[in-house]
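Before anything else, here is the set of structures, which you'll find just below.
Presented sequentially are two complexes of chain A, the first with chain B as partner and the second with chain C.
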Partner chain A sequence: MARFWSIYFMSWAALAVALCLAAPSLGWWFPDTGEAMSSIGRRIDGLFYIILWITSIVFVGTQIALGYVLWKGAVKPAHEKATYSHGNHTLEVIWTVIPGIVLLFIAIYQMDVWAAFRMRNYAPGEIEAIAEVTARQFEWRIRYPAPGKPLMPMPQPDDVYTVNDLRIPVGRPVSISLRSGDVQHSFFVPVLRIKQDALPGTVIPVWFDALQPGSYDLVCAELCGWGHYKMKARVLATSEELFQKWKQEAVLLQADDGIVSTNPQENSAGDQAQTSNP
Partner chain B sequence: MSATITPPAVSIPPGDEMHAVHHQPGWIRRYIFSTDHKVIGIQFLFTTLLMLMVGGALALGVRWQLAWPWERMPILGDMLFRTDGGQITPEAYTMLFTMHATVMIFLVVIPILAGAFGNFLIPLQIGAEDMAFPTLNMLSYWFMWPAIGCFMLSFAYDGGPAAGWTIYPVLAVLPQAAPGSGFAQTLWLFGLTFVGFSSMFGSINYMTTIINMRAPGMTLFRMPMTIWGMFITAILQAFALPVLTAAGFMMLADRMLGTTFFIPGGLVVNNAPATVGGGQPLMWQHLFWFYSHPAVYIMLLPAMGMVSDMLACMSRKPLFGYKPMIFSMATIAGLGFIVWGHHMFTSGMNPIVGMTFMVSTILIALPSAIKTFNWIGTMWGGKLQFNTVLLNCAAFVSMFITGGLSGIFMAAVPVDVYIHDTYFIVAHFHYILFGSTLFGIFAAIHFWFPKMFGRMMSDRLGQIHFFITFAAFNCTFFPMHLLGIGGMPRRYADPYHFPYLEHLLPLNQFMTYAAIVMGFAQFILLFNFGWSIFFGKKCGRNPWNSNGLEWQAPSPPPHGNFDVQPVVYHGPYEYSSPVSGENDFLPQTEYMPRRPDQSQGH
Partner chain C sequence: MPDSLLKSMPFASFAKTADQPVGCGQLQDSWHLAGLLRPLVWGVMLLLGTAGCTPNPAVEFTPRTSTTLLAPNARQAVEHTLLTHFGTPDNLVVWDRLSVIDFGGAKATVESLDAKASSSAKAVMLVTFDNQSHLAKNLRVGAPVRWVSGAREGIQGDRVAAFDAATRQVSIALEGKTSAPAEESQEETSSSSKPVGEIAAGDALVIDDGGLLAQGRVVYQRNCMHCHGSTGDGKGPTAKYMQPPPRDYRDGIFKFTSTQAAERITRDDLMRILDDGIPGTYMPSFLLMDPTEKKAVIEYVRWLSIRGEMEKRITDDLGDFSTKDLKAEYAQGEAAFQAALKKGEKAEPPASITPAVDTLQKDFAEFFETDYQGVVEDTADFLVSAWERAETPESVITPAKARVPDDAASRERGRLLYLSDKTKCYTCHGAQGRGDGPANFEYWKMPSGDGNYPRPGLHDLWGNLLPARDLTRGIYRGGRRPVDLYRRLYAGIKGTPMPAFGGVTLTDDEIWDLVNYVLSVEFTANGTSLSDVESSIKKLPATDKVQVQETKAEKITEVEPAGSAS
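So, the complex of A and B:
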């Protein structure tokens, strides 16, 4: 029975490793293609895989060590006494220093990823916010400035609104002003590997980029009430021209009162706003 | 002053029985409002085991919804959610996971470690006749009941609190923010305050007892690791808990007195008039995690200590690296106070501060690694007794490795940005709290049961329980890592609402089957526990041939514990010592001139 138990312990670890190896091909891995679609996402994934390698090696090593000592204990002859040892100073030093070095490596190596994306580049103000995203129970309200105008902190008469549909241009860093209208939410786009809590009372600038055009799920990652699971939205990344074209059309559509006017001035309200208010 | 507290420096001659000086109180004073630490410990144990089943049932409700969303839940669903057709509504779902966490953390894990085992073991293991403040000790148990009352009563108000156990403002502060944020949340906060009192009474008592009431010869570095674990935990509680209590009162003031510590102005919640105020919700997170991160160690360190003792005994081998074990435990506790920010990497806290918390969090992995290696070192070359105790202890080590390693991912700030609030986190803390702590508790129940009741638990049933629980545990929680990597957020009543999560349904169903098996396996433990109290094999004072002082007392120990004042001559880990002759153990009360492997005597 003792041998059975030491095999039992080793087999769970073996199954865990096997499951992790099989997971990507079974689809139980990063969402969609498995590849991050933003530049910070690619760096995050790189870091994830480095940590995965290190922890896997440690996991396998320690589980084998555990299985080995259990097995040795299981096959020990009945008359033999246990080794009398209160410890070993050299071993203690070794298994303090080596994990220390590995942990120090992990700590220092990741600093650059974080610093590059959250401290050095694109500090608030360096790039203009393309939209204000307000999370509320249980939807995302998005406010864009009219074409050619900067985003103002307070709503403007010619702003464009969408709900649960954030449009961004592809291939360049974009910034949004994230805020909450009621309780705490969290702006989470899994494929872009971006997550930022929307904090009531605070406007938080969030920047990210999308490397390829596509529609990416935007979900809420902070408990916000009974409908937390319902905050389903998308981030639609399109080319710069399509994005600008959409915004032009959206302005027109929003100003459209359904009546075909004979007054040419009213028909092109969007263009008018663009030229008269530089 | 100290003369009245410190035990006498000389041992009392045999025959002068200490418990003779205690008058026998009546039945109620002996079993209900008892001041005897052993009775209080056993009361805590019964209560927490009951609550373990309640918390487990709530968890199965959560699992049901994740496997078969919006389907009628058999039996329980018809009883609890009759008005909704036996279906779990989203409101009920948020209540389920909120109360699952609340019950498991505040009514199971913390009280079973500190309350049940701390109470039972501290005086016995240090050779004292009782705690320093027996009445305070009794109060620490009886303050649990108002807490349980508040938590249970809160279900009656709009289905119960539903803002998560972390009760982040503004959701938990404004009654209109969620159905459960009304009076139920106020009751929840009162419950939290009561468990806080209970913990604080215990903490003061444990510190005083351990410092002042050790038996002659029981120096600090002769104390068993269990006592070190309890001692460090008591210190953690004493320093961290006041912050949570204060924060809880601030939230109560926000809710009841019209203050705005956590409420910013201008919020329109659920079409209510806009809020007035200038508070900062982030402050709650800082205050809450300043307690609740150390609380993670409050939920782990005593189990680490107990497992160290049990592993040494079941390996018939001295604990490997006794002092490194103590120092790493103290380091974990110390660092535990400066890592709370790692729960807040995406909260809107300054990114530069995130870097600081990242470094301290990575550092805390080091003492954890040292402890793991020392446990494996303890078993290495040992004469392992493959019984329920050893199996659960080995599971503790194995699960602690897994949970510890997945913690490295979270400590890395950029990676945490992705996996924060996904199922990866859920997997991680269940590996620590269930995989480590609870398997440690299972081992401790089997190990100290003979001392509590004078009878043995069935080892065969214990092994069956372990076999099922260990397999089912891993089937339930290991795939959660994959769900998290797949981007499945926590606390979703219906993740399959999102196309990118649809393919995870079969995996979730498999996990729920495993969870149900695991839940039912706990009845084996309960049966074994209950049956053995009355019909277990009777045992003597020292059924495990263990060295600790508690095994020198009768089983079960009478009021006052020891026949004679024990005198301690060495540490508790002299197993298989060359000087112990035919036995492979040497109780702490037996004289040993010097440790055989040390050239100079200490």
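So, the complex of A and C:
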């Protein structure tokens, strides 16, 4: 019976490891291909995998040790008493210092990515914002400056508006001014590994890039009310030319006075961009 | 306490074990186990049951208050009419009369019957589809079949058993029964269905009839119901947390349309609202919803709106049979009686209204025999033509002239119009467009004729307090394109005090001047120089003078910029 319990406890650890190994093929992993689609996202993934490896090794090691002890205890004759020992100074120093070194390594190693994301590559506000994204219950309202103009903090007469549809040019870092119209929201693009809370009363610059054209899900990652789940939007990354072309078309559509036929329907500009960039 | 009740209560088993004398081993054992498990099960069930906030709302169409106030038999008639022509959310009815609704489904004609493969339970045939609808390509197995002509017409319950899109070969399971079992033909109908041989080439059928509507219902219940309610009455479970409240579209009235003042909303308008949402309200954007789902839900909303308006119009027509006044009178009498009793005075309770209601019922029974069907038919005719007309190009407002160039002179002309007595914009939206005009602080009469609204301020048709829009905020609920604002000014905003200026009061150029001004208010107000505001206030009296002179000269379109600007 003692052997049963040692096998039983070990089987759970084995199952956990097996499930982790199978997770990517079961779709329990990062969305889409599993690969980050932004440059900083790939570095963040690198950190993630290093920590995953370290923790995996520690987990497997400790589980094997635990299993060994359980099994040995199980096969011991019943009359044999366990030895009682009070502490082992050397052992305690070892199991304190080694994790300490590992933690210190992680703490120092991650600083570079953090610095690149927050300071070194682009300090806040260093890149000109391409759009103001206002999260509100329960949608994303987006304001772009007119073609060839910078984004102003206050709305301008020639601004271009979209809702739930953030267009960005691909292949270069872009920045948005993130605001909230009401409560706390969080701007989360899983595939680009970008997540930033939107706080009422503040304008937060957020930079990111998309390495490939495509449509990426933009969701709210802060429970913001009963309609939280409705805040589904997209980040549509297209080539610079298509982005500019779309903007020109959007300007025309927004100036629609019902006479001059701006013929393509509201969404066709987007659909074209989408089909040409699958 | 009866034993059965005791058993059904949590922890009851504990009480049992304590009371039970020890002795019967087996019984004791089972009680012991139950004593452990029962509280646990009850606890889990209690947790599951009380998790979340409120129970799910019932999926049903609820009647209007005015319908419930009808004499009982009149109410029954109205509800029966709605039930037969619209059904319930779980059992939608395709009503052929509503040609304005795309119910979905593929219309087809039998080309030839494969007699060899067919049996009494299954008919295999080649069909031709009337049009290459998307449904014709992927008909789902189990989709209902409705026979429009031929021997099986009127038989309900047949289903698609198999479908091959390449060969257009359909196999239909003949599970149907005649819907109305006529007594004289009982022998025939009792054998459930007629033999397959009676299906002949040329028979017309509709496959998956009402499929689009049913899909719309699913989308609606998932995304819209919690605010707009199953009936479309704007009373879903989350509605009470919202300001402004969700639209009740049972009146057939939507605020932000592209159509003339008297016309219904178009499909394109609804699609636009779905895509863009309504800024400044809780209506979010559904831009990324699947296009076929959007189409389906728009059709369902139109259908709900027609259903609601049908009920409203019929009920209004039956106003003579309403017990509203009787009940109000009785309630008054009862209140007076109770008050008198409290004071210790002698008083008589109010007379029962039952005899009066009985008279109403009798009257309605007569009315039902002679006129009721006519009322239903007329209402249906009216609604079909109204919703049909909305989709025609004539009903959509298209400016006759292109937008007047958006320059300072045009905005100034617009500003003068805004402040003039011709438009009276300022009485609601305020002299500076802040939505603080005097009308927002006055008491207004209720359209029902029951005196004033209890609160001061403008109200919409649904009885909600509706402050005039603050134009300085740059939030345009009906869209911010110039054409959107043009349409708001031209046809007004339906169901609200915002009047229609188009055609009569203002010319095209004047509307465009106003549009240019309104679009500029946001920036002049926020960008702000106080002197701008001051100067505009100083100009107020002068403005009126200019306006009077112009109306005398009947020269409305040209305002002298020198008179007021710069």
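Worth a mention:
One rule holds for everything that comes next: the second predicted complex is superposed on the first by the 259 of 278 C-alpha atoms of A that agree within 3 Å, B and C clash if a C-alpha of one lies under 4 Å from a C-alpha of the other, contacts with A are read in each partner's own complex, and residues count from 1 in each chain.
As a working rule, a residue touches a chain if its C-beta (ideal position, glycine included) is under 8 Å from a C-beta of that chain, and two chains touch if they have at least 3 such contacts.
It should be emphasised that the depicted structure is a prediction, and the values quoted were computed from it without experimental measurement.
Contact with neither chain B nor chain C is seen for A:L252 once the two complexes are overlaid on the shared chain. In the superposition on chain A, contact of A:L242 is made with neither chain B nor chain C. In the superposition on chain A, A:Q137 makes contact with both chain B and chain C. In the superposition on chain A, A:K232 makes contact with both chain B and chain C. Contacts of A:N164 after superposition: chain C is touched, whereas chain B is not reached.
In the superposed model, A:I7 makes contact with neither chain B nor chain C.
The larger set of touched chain A residues comes from B, when the choice is between chain B and chain C. By the touch criterion stated above, A:V17 is placed in contact with neither chain B nor chain C.
With the contact threshold set out at the top, residues 137, 226-227, 230, 232 of chain A are in contact with chain B in one structure and with chain C in the other.
Chain A makes touch with chain C in their complex at residues 137-139, 141, 154-157, 161, 163-165, 226-227, 230-234, 253-260, 266-267. Against chain A, in their complex, chain B makes its touches with residues 89-91, 93-94, 162-164, 168-171, 174, 177-179, 264-270, 279-282, 315-322, 324, 346-348, 351-352, 354-355, 358-359, 362-363, 365-366, 369-370, 372-374, 376-377, 379-384, 386, 391, 394-395, 397-398, 401-402, 405-406, 408-409, 411-415, 417-418, 420-422, 467, 470-471, 474, 478-479, 481-483, 485-487, 489-495, 497-501, 503-504, 507, 573, 575-578, 584, 595-597.
Chain contact summary for the complex, chain A toward chain B: residues 1-2, 5, 8-9, 12-13, 15-16, 19-20, 23, 27-32, 40-41, 43-44, 47-48, 51-52, 54-55, 58-59, 62-63, 65-66, 69-70, 72-74, 76, 80-88, 91-92, 95-96, 99-100, 103-104, 106-107, 110-111, 113-115, 117-119, 137, 180-184, 186, 188, 190-191, 193-197, 199-202, 204, 217, 219-230, 232. Of all residues in chain C, only 223, 226, 238, 241, 272, 275-277, 279, 282, 284-285, 287-288, 397-399, 401-403, 474, 480-483, 486-487, 512, 519-520, 522-523, 526-527 touch chain A in the complex they form.
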